[in-house]
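Residue numbering begins at 1 within each chain, and the chains themselves are lettered A, B and C in the order written.
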């Protein structure tokens, strides 16, 4: 379904169906992230301006297939042309170029309840993408002989917990995103959402995406997550749920 | 114990003790996987025919120690000779050569109950092998100076959940394996088993192995897995087990 | 707080506050690990003696920021100078040089109860460090163009289970550490601690650190770990706790 079709659904949808358009359009996405004051890798509007490592992405939630990396304009053109000739990209496809942020991947899962006006940090996951992940197991010597362009096709997710000192900023980012959504896309970011990014060598988070809906990574935590446990399970097991709920 | 010894055990063994021979012999393994219609990396019968990246494996469940990668016949010979001189491989050892499948590793854990005639998809794990995994943390520049041949010695396992759209094929592969085992190795694949492989950049699974028994990766899920939870835990906790069982 | 400040705390502290000095001082740390007979990567006292891959570490629990790898004396000097000029290291900082151990990272979490005189193996985690982890997703060709020195800043942790055959040695190492601590730092290693290292291609563990306190990796196991489950949960669920406790 495209955005128009989603928005025309008459059955009430849990969450905010209007915000999905902001998720799938790169320019709107960037605008909302900027409004939420999320630290972002710089977007690059003209391929000629590529002067450091970038990642080139497609519009919409294509699942990462066809994304590629480039270090300069020439490499951008070569790879784009190769992917077009392989039928992965189409000739007139608009691509989105973003400074490449390297480090530890972290997909921050939240739930905002407009009933309680409460933001819950639910858990963290890492995405596993093919075949970029497979590179890690191919020695450099062999990698240099490969001609295939690695792709970022999402295959699965695995759990992560964060260094405690990072948690304060996590809540801050979640709250900022909720507030920005209230201002920009009424009635705001209700329900589950995910802020997606990477921690650099200074433990600074850079967010390259968000998902304004439940994400696959939450499947890991079918029985609850470490962070969720802190909120609810201890209370349940000790029969003190009434002390933390109202 | 070798296959003869296992098969001569008089005490009843849970599962199918005859199928373990099919697991440990590379040719029989390949035959059963083909019968189950599992997508497989191509085997290469003559080292002279290596013209792309391959992985070279030993017979039996050696745990990955002594496995190596090669891109051509010359590299195969050089590495094999080095490993023989290091005492890792023996001179007359039969090696099994398989096209190298790159991407996201996924070990699919199943349980088939012949009593209920039901296949359960229990969980997924990733294997961690040494020292191939360590390569990921060594910069390419440094890697190029190393002379040691990386090995694939299994050390541990970590959890993974799969992108939802991949699950249908997972069940299909599990069912095909159960059916093929019924035809080939009476009474078939009863109890736990594992289909082991990798998802490529098109999210296509290639299976390079199976284990016809409980695998170490299930240790992750001592208290249940995300997929298992969907089957049983929700019902248990809400006292509705009778609604999903008969 | 520095060691003097911690040791001067008048409020009773759970565990052994004296051992924290042994954790933060590299020489004392090495001494205690040697007393515990832990297999260790060789320390290198003079940078001139670097003749294989080493990792250069800072004193104290700096969280890995500023750690770097080097293959020889020249590379050591170049990188050290670069990090000093970037303000990451200070000019007069004492650095600790250790042979680089490659393989599968494993942080072994223990709990020793002096009341029961019982050692519990609680769980295992892997640390995720930035931006060294990010290297794995950058093709070798691109890596070779980078000039930035990768860092080891700890960002988070993820779960792992170990191949069963490795468990015996895990308990042995934990017990040795408890015994050594009793001899060296009265009253010994009470409460949670962590032995941190890497499994090489022969599945031999090399320990490069310990933490004489609860570690962040235990956050993964807020609701229990696979190993913990074997000890307690099964008994709880089946109302048989009295059979395993006294």
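Keep this in mind: contacts are C-beta pairs under 8 Å (C-beta built on N, C-alpha and C of every residue); 3 or more make two chains touch, one makes a residue touch a chain.
Fair warning: this is a prediction, and the values are worked out from it, not measured in the lab.
For the copy pair chain B and chain C, the superposing rotation over Cα atoms measures out at 120 degrees to the nearest 5.
The two sequence copies chain A and chain B touch through a face in which the numbers common to both fall below half of the numbers used overall. Centre-to-centre spacing of chain A and chain B amounts to 31 Å, using the average Cα coordinate of each chain. Residues of chain A found to touch two or more other chains are 133, 135-136, 140-141, 143, 150, 158-159, 223.
Those residues of chain C that touch chain B in the shared complex are 53, 69, 71, 102-104, 106, 124, 126, 132-133, 135-136, 140-141, 143-144, 150, 158-164, 166, 198-203, 223-224, 226, 229-230, 233. By the touch criterion given at the top, residues 63, 65, 128-131, 133-143, 145-146, 150-151, 153-159, 216-217, 219-223 of chain B touch chain C in their complex.
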